[in-house]
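Read from first to last, the chains carry the letters A, B, C and D; within each, the first residue is number 1.
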Amino acid sequence: MTIRVQREDFDPGAELARFSSGKTNVGGICLFVGLVRDYMGHDPASGAQVNGMTLEHYPGMTERQLEAIEAEARKRWPLDDALVIHRYGRLEPGERIVLVAASSAHRDAAFEACRFLIDWLKTKAPFWKVEHTPQGDAWVDAKESDDAAASRWDQAKA
Amino acid sequence: MTIRVQREDFDPGAELARFSSGKTNVGGICLFVGLVRDYMGHDPASGAQVNGMTLEHYPGMTERQLEAIEAEARKRWPLDDALVIHRYGRLEPGERIVLVAASSAHRDAAFEACRFLIDWLKTKAPFWKVEHTPQGDAWVDAKESDDAAASRWDQAKA
Amino acid sequence: MKVLYFAWLKAKTGIGEEDIAPPDGTATVGQLVEFLKARSPGHAAAFETMSAVRVAVNQDFGNLDTPVKVGDEVAFFPPVTGG
Amino acid sequence: MKVLYFAWLKAKTGIGEEDIAPPDGTATVGQLVEFLKARSPGHAAAFETMSAVRVAVNQDFGNLDTPVKVGDEVAFFPPVTGG
């Protein structure tokens, strides 16, 4: 189980190679990589151009929250391993922001835990994005869709 | 959109690196890797030891079915790209069997398409596993759980 | 007509692929199966439990009612277990 | 008591971190906010719309009723947007 919060880029291929090596009691690995898009909002056609973004975070609380999220995932699914890497600082379009991965004997658990990790992280880990656009900087608003995605898991627990 | 059916191993890290490079209008990439486990059935404690397996397939129909599955995924979700690699032949425990990946502007689509690809593949692509155990060879039975997983998507379509 | 067998159907028939000329009036997969069952004890064993057998006609999944004709490629196999 | 501000709350207050000594009787986040609002026009602006403000006490999420005491680390920030 690994948590990394870092300014520098990561190599998703190398991370996956390391994460998946030497596993003989694992049926599946699910991995998600989140990237910086070059437009604002949900629609590439209507979204304003984004030249990059800067991710601010709350050092200390970030690691603490990510560890809590990972511990919760391990409680809910029979995981072999989990990995969370989240960057902060200035990021250009196409750059990687986040990687989450989960491995389990069963693919259902790998998929669900991976999605849980990214859904919860998006609403519980203290990161904030400011987008750099030709019109100036704009703090990204929290998305209702992210709250909805995360609250699915609250219901699943109850 | 790429489909590969091959005897030789693949490097999941290199595949992910290639799949994720140069994407600036993609928000997320979801990837699943399926591995050979070293025990039979669902429970490592009670499952008999497996020394490896051989995957037989139906050349021609395999590619045709995988292409149809991928086309269906593209119809259902706004995908940027998709990748399916499936091996055949003799595989040892811990070896990679299959890799599926999907990229989209939105993580929901990436996750759902990726899971759809593996769920459908497991019930519609003509592969058969025979497990090699100390007690002899045994053809793997189709799992009801796989049928259930695939049929979820039938209902989602209706 | 080309008939293919995979997995344990190949083991039971002892054949991976055979060219066969079914009798006139063989219009469906079900009729073809009746013809094939009579070819050898191995064929009979392979087709003993039809609920465990799947079929593809020209590489698309079919069933016992799927039409077959001269020149078709018909494959018999158990439920798939890839992935 | 250490108070931290992130994202646009940092921009509005002009402060990333400050050590403050709230008056006796400041027992909750809500009472602390009332005290902080009076420190500068920037603070007042930062706390103008409390529905847009989130709080953590000692790095755990809280709310206006969460108790605070001397020595605590209290952080104010907008809803998170990572991932």
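In this text, contacts are C-beta pairs under 8 Å (C-beta built on N, C-alpha and C of every residue); 3 or more make two chains touch, one makes a residue touch a chain.
In this text the structure is predicted, and so the values were computed from the model without any measurement.
Visitor: Most contacts: which chain pair?
Guide: The chain pair sharing the largest number of C-beta contacts is A-B.
Visitor: When the centre of a chain is set as the mean of its C-alpha atoms, what distance in Å lies between chain A and chain D?
Guide: 26
Visitor: Round to the nearest whole Å and give the separation of the Cα centres of chain A and chain B.
Guide: Averaging C-alpha atoms per chain gives centres 23 Å apart.
Visitor: Need the CA-centroid distance for the pair chain B / chain D, whole Å please.
Guide: Roughly 49 Å, centre to centre.
Visitor: On chain A, where are the residues touching two or more other chains?
Guide: 34, 118
Visitor: Can you tell me which residues of chain C touch two or more of the remaining chains?
Guide: none
Visitor: Mind listing each pair of touching chains for me?
Guide: By the stated definition, chains touch in these pairs: A-B, A-D, B-C.
Visitor: Hey, which residues of chain A end up touching chain B in the complex?
Guide: Chain A reaches chain B through residues 11-18, 20, 22-39, 42, 44, 93-94, 96, 105-108, 110-111, 114-115, 118, 149.
Visitor: Please name which positions on chain B make contact with chain C in the complex.
Guide: Spelled out, the residues of chain B in touch with chain C are 34, 55-58, 60-61, 64-65, 86, 97-98, 118, 121-130, 139-143, 146.
Visitor: Touching residues of chain C toward chain B in the complex: what are they?
Guide: 4, 6-8, 10, 56, 59-61, 75, 77-83
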